[in-house]
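Common to both upcoming complexes is subunit A, partnered first by subunit B, then by subunit C.
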Partner chain A sequence: MSVSSATEVVDPVPGAGAPHLPRQPDLVQLLTPEGERVEHPDYAIDLDDQQLRELYRDLVLVRRWDVEATALQRQGELGIWASLLGQEAAQVGAGRALQPGDTAFPTYREHGVAWTRGVDPLHVISLFRGVDNGGWDPVATGFNLYTVVIGAQCLHATGYAMGVQRDGSETAVLAFLGDGATSQGEVNEAMIWAASFSAPVVFFCQNNQYAISVPLERQSRVPLYQRAAGFGFPGVRVDGNDVLAVLAVTRAALVAARDGQGPTFIEAFTYRMGAHTTSDDPTRYRLASELEEWKLRDPIARVKAYLSRSGTADQDFFDAVEAEADELAVRIRRGTTEMPDPPGTAMFDQVYAEQTPHLAAQQAQFEAYQASFGEASE
Partner chain B sequence: MSTQTLTIGKALNLGLRRVMEDDAKVMLMGEDIGRLGGVFRITDGLQKDFGEDRVVDTPLAEAGILGTAVGLAMRGYRPVCEIQFDGFVFPAYNQIVTQVAKIHARSRGKLAMPIVIRIPFGGGIGAVEHHSESPEAYFGHTPGLKVVAVSNPVDAYWGIQQAIAHPDPIVFLEPKRRYWDKAEVDTAATPDPLFASRVVRGGDDVTVLAYGPMVKTVLQAAEAAAEEGRSLEVVDLRTLSPLDLDPVVESVRRTGRCVMVHEAPVTLGLGAEIAARITEECFHSLEAPVLRVGGYDTPYPPSKLEEEYLPDLDRVLDAVDRSLEY
Partner chain C sequence: MLRQFKLPDVGEGLTEGEILQWLVAVGDTVTVNQPLCEVETAKAAVELPSPYAGTVTALLHDAGSTVDVGTPIITIDVGGDAAPAPTGDGGETADGAGGEEVAAGLIGGAAPGGRTAVLVGYGPRNTEARRRPRRAAHAAPAPAPAADYGSGGQDRPPLLATAPDATAKPVRHGGLEVGRQAEAHAAAEAAAPSRAAEHGHRRPRPLAKPPVRKLAKDLGVDLTALTGSGDGGVITRADVHAAAAGPSAASVTELRPVPAATAGEQRIPVKGVRKHTAAAMVASAFTAPHVTEFLTVDVTRMLKLRSRIAARPEFAGVKVSPLLFVAKALLLAAGRHPMVNSSWDEAAQEIVVHGQVNLGIAAATPRGLVVPNVKDAGRLSLAELAGALAQLTETARAGRTAPEDMTGGTITITNVGVFGVDTGTPILNPGESAILAFGAIRELPWVHKGKVRPRQVTQLALSFDHRIIDGELGSRFLADVGALLSDPGTALAF
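== the complex of A and B ==
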């Protein structure tokens, strides 16, 4: 299949070498893969040392959680795990751009955003363990439940934003989606609605280059951020492995949304360093060399390099974060293995706001049936 | 040697390969079906051998898969669409129900819709939400569609070929948790017709009906019942729309009792239709009401609860006991 000239092969990130990737003419970057601070004409960021260190801490802890969850799945403690490996900066940057009153609408991979919203990792783990569909309170956390049906949440986010607009509230909504999701009709409808009503919603697309095995080229002939123009709102591409740039770009988009300027589409250019999920085998569809190239753009290494080089953090700090990550891993492991199974009756709970007589009767039958085994064995 | 031991998954793969060899108009379309060979590897190796024009890794858009399949069918192709998991057929539901199902009637037969919609369905694999659904009633309720469900490698091998050769649109349900079940398949045999139910175990006391993944469960229940001196006749329905009830009616007239088993929620499920039809056809022979065993009327639960949700051997036997108590 031929590709348009927009996908002329040029290294997007100087020095990192990725000849298979399309040319990236506009890529907002504030921290290079080598850890150099660079300026961008449109996006500035001014963080104090403490804030910089906190971002690093977020990145490290989120990755440790992810690595631990992958291990737990391998050991049979989780049914499946969708790893965010490589996407930490995109998620932490986006999540930290949110104000407390803002609301996020995640896919199933936004563990890093969950973290920034104060969601307990074990509430995310419980979904992948098959205990529930996510144990956190979406209202209290401003972090909606994970949505597995690709793209559906983009319309929810848009409708929520329309509500915000009607309430005259100065909050914004952040909708997460993947590169593959951009092909769904519902996602395109969401962008049409958001544009039409100038809804205060930001579409945050993590272009991790793949939808399971299908590369971006099958979803789009143009860089994804350019799609926004057709819907009538700004699109911007940011280095998704640069937490500073992601934070700056997302903040600016959320400010514009709160300010009544309507939606923005952000393409966070990143890479899924792990498998799609623990059920997937990426060796069937991509070369190991690709991963090696992206390792050179690791989202955490560059922050660490910058922090040490600029004297913002010393070895004691890095050691302390490492120790905290170890503690987190222990807490996640213990919390997972000790997590109780739900009672059978849980499936009947909350099906309706107003329980139906029929379902109540069915539940009673279920309980009697379950109890009959107890009697039989006595 | 024309007989080989195949899993359901491999039987489907071979069946697809055979039709693709025989008919250049057959095209496979779906998410991750090409290079990856599908998340269940049902199309493994087919893109390599038949090329990217015939085995198409589609954009991530189910409405697109079915909508373009309609156009391809109009152009003389025979699209075989893979929906990655049952719970993801709904973005395509509009195209399936308003277009695929109606175009033959709308065009007064001038346009055929020989489209096969392959859906791995049902639970039991410990998955997260939307990966364990049984959506057959939605399709069985839609005039213009045919719905079949396979339960074993032999039917998988022949059924997929028959479905693709058939002129009407067919929702082809594959029991995902049984993909790895094995059986001997004689690839030179003459297959049973696609739209026919089959008595898979003879018996005298109660007729038990199932399809797809539940056939195995019911056969196991029949085995256990036999040890207690109860003789169950088991029918694999195989075709859900149209139903082939002649063997069922014959059986129920003999046994006087009927239990219908499916994973889908009982309310307005296939069992409701079966109960009505059996009551109409066998009223004077019935010793007990037709009983249904199915999923509870709740969303498919998180995987820790799926064993409790899904009909199993004990629940089938419980219904058999209740039927015999009348």
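== the complex of A and C ==
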């Protein structure tokens, strides 16, 4: 695969209008915002109609899940929610590039990747409801638990990749991070280790333009993908709102990792159309016109346009996906409000594989305390 | 069936939000996730989507009001059973009873243990609201302890679910006055819960462990009425049992309905200094026709003089404040214009020009506004005046001002500058004919000797009784005070 050297071409597609980057290099793109298939010299993709429709379905269902979760938070049912609105293509494309044996290390926003790994949305929601620390099996799903500490998962992923390497396993590791995380020490440390050991890890950075409220130009003087050159491995910028391009680029990077060619840094150029989390108010730091501009680059609309125009899908298909999304929303809503509280002692259960005597004593003390309510309540 | 939506914590750890506007009205049909209102919190302005499908029956708070998290803000009729069944043993009455709530997504088999409790559902929880000492929640019947704890179950049904049980004895929960509204509540209509959020009195939180609080709550014992027998006055389980066994008539008779009040409203009896102040202000404002004039003064020189004077040995130990110079300037100017130091005698139809200046100083004290005065202030030297002012305000702040010090005032200064305020339109102390407001001293760009310089500038405002003092006299007096402050050397000419 080739490193996209900074061809100083001003591209008329996503990213070109971003005011904060002086010169916009090439984006890898296979599907334009208008829904036209284009070819790229280095990346090709050949999907059958069924696979294309599946990608569309993924995008729509993931967005619906996200919208419903945001509403549930506003209704007091979730403590917080980190919305992926606008980043569906980056996540679904990256997630669908993974092979069954691969492992993904997400941040706290990779709901779309979770979806592609077969994680039940309610298992993700339980985390945001404060019921558990993530309800899915990271080993069985190949999808590690969410990491809230910014950038920490890059070290986990690199270490895991080094383990995979030593096991002689032909699988790869996909580490997710955001643009803000690239300013973190552990991310840079992880990249140095990954490069030094040629670890089979791909760093997938969703550049959604804001580290909460801080725009990218405050964090980096160069386009993020160019930083990879400093670590000594390829960096590529892909249109993060183009699910086909993301899929193609990530696949190629994962293949390279499995083949022993070491890490790749992918900058998926996208936009967080919603708030950083439900506790954030993006209108305080960015203009509505910017959002409107990015709405024209919506990751789902372009796939729908392509599917209809090419005759790959008809209205019945779109209606069916819409109905499925409605059902998913109802299931998520019901499942959330009916989610049982964990017992108070659950916090002791998963700290250590084998409980320590000190912790056992604490648990006994806590149980006795809880029991002291008993006289009155039952 | 009526469902209430309580203001959730839409950020992390927020306690209140302001309803910016309602996007629905009573009678509107709403669907799940349809925006109901826009709420602004300390972090963001957000739209709240409806958790229910149905018809809006009441908006419980007006746009513009600030609402505590956990307070019901809207009532929606979701159809189904009109009369909620009595709450069972930790059961989920409203949710289980209605079969129409598929749209709301709230029905379905109970979770293990018969619970459909929520962990972060701030909205549905009454317990959240009860923890706030300021607000009373609705009363729950004392004999149904099991329904009252642990699960979020009883939180789900509308508050009316417990109200019709008029035979239940109103109780106080955990030391908070949650029972005061009980009788009114039982008779109330659907909108009643908003009234139930009436504020209770603040009182110190009694010391008791959570299990003991729980016990007291279940037994209907008011912890604030108990004296703890444990270490450090902690209320024990035995104390609660003893109180529950003893006569409880006293606590029951207290539970009278109070006048209907809206949520967030606090009623404070008018008494003491407040009552006196109110009467005096009304008497003054509606008998003496007030005129207020303003003057902006460069007091840089006065402040320099103040530094020099403060360094003199006879001023050691006394506070040489800007107020002292204002007082001195007023006294000097009053000597030139004796009519400002006068009273209107309505009965005798005479103007009384006082022979001495009893200088009042308006003082903010913990008990409220008091205006003690310095008797015959005109005869005091600057050092004596400084000492008198310091003693006066100190005594007033300690609440020990003698009645004779508060009567007989002839003219007053109010130092609004200490609150960082520029000026105001003071109301006359009753019986007096002039009051001078002294604003904050600020460093401002000011034309001084033909150049713009940073200078210390303040504002003076003089209100006077226009029956006695004409505009000309008032203006001259104020101008003299201003001249003395901007150029203290003028005093030699007085």
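Keep this in mind: the second predicted complex is superposed on the first by the 353 of 378 C-alpha atoms of A that agree within 3 Å, B and C clash if a C-alpha of one lies under 4 Å from a C-alpha of the other, contacts with A are read in each partner's own complex, and residues count from 1 in each chain.
One rule holds for everything that comes next: a residue touches a chain if its C-beta (ideal position, glycine included) is under 8 Å from a C-beta of that chain, and two chains touch if they have at least 3 such contacts.
Predicted, not measured: the structure shown is a model, and the values here were computed from it.
After alignment on the shared subunit A, the placement of subunit B and subunit C results in a clash. In the superposition on chain A, A:S183 makes contact with subunit B only, while subunit C stays out of contact range. When the two structures are aligned on the shared chain, A:S279 is found in touch with subunit B and with subunit C. By the touch criterion stated above, A:T171 is placed in contact with neither subunit B nor subunit C.
Residue contacts after overlaying the shared chain place A:A71 against subunit C, while subunit B stays out of touching range. In the superposition on chain A, contact of A:Y108 is made with subunit B only, not with subunit C.
In the superposed pair of complexes, A:E338 makes contact with subunit C only, with no contact to subunit B. Once the two complexes are overlaid on the shared chain, A:S213 sits against subunit B while remaining clear of subunit C. Overlap of the subunit B and subunit C contact sets on subunit A: residues 79-80, 129-131, 279-280, 284, 341-342, 369, 373.
For subunit B in complex with subunit A, the residues that touch the partner chain are 31-32, 34-37, 39, 52, 57-61, 63-64, 87-88, 90-91, 126-131, 267, 296-299, 301-306, 308-309, 314-315, 318. Contact residues of subunit C toward subunit A in the complex are 5-6, 8-12, 32-33, 43-51, 102, 105-109, 111-113, 115-124, 145-146, 149-150, 152, 210-211, 214-215, 217-219, 237. Interface of subunit A with subunit C (complex): residues 68, 71, 73-80, 129-131, 275, 278-281, 283-284, 330, 333-334, 336-342, 369, 372-373, 375-378.
Contact residues of subunit A toward subunit B in the complex are 1, 79-80, 108, 127-133, 148-150, 180-181, 183-186, 211-214, 218-219, 279-280, 284-285, 341-342, 344, 346-348, 351, 358-359, 362, 366, 369-370, 373.
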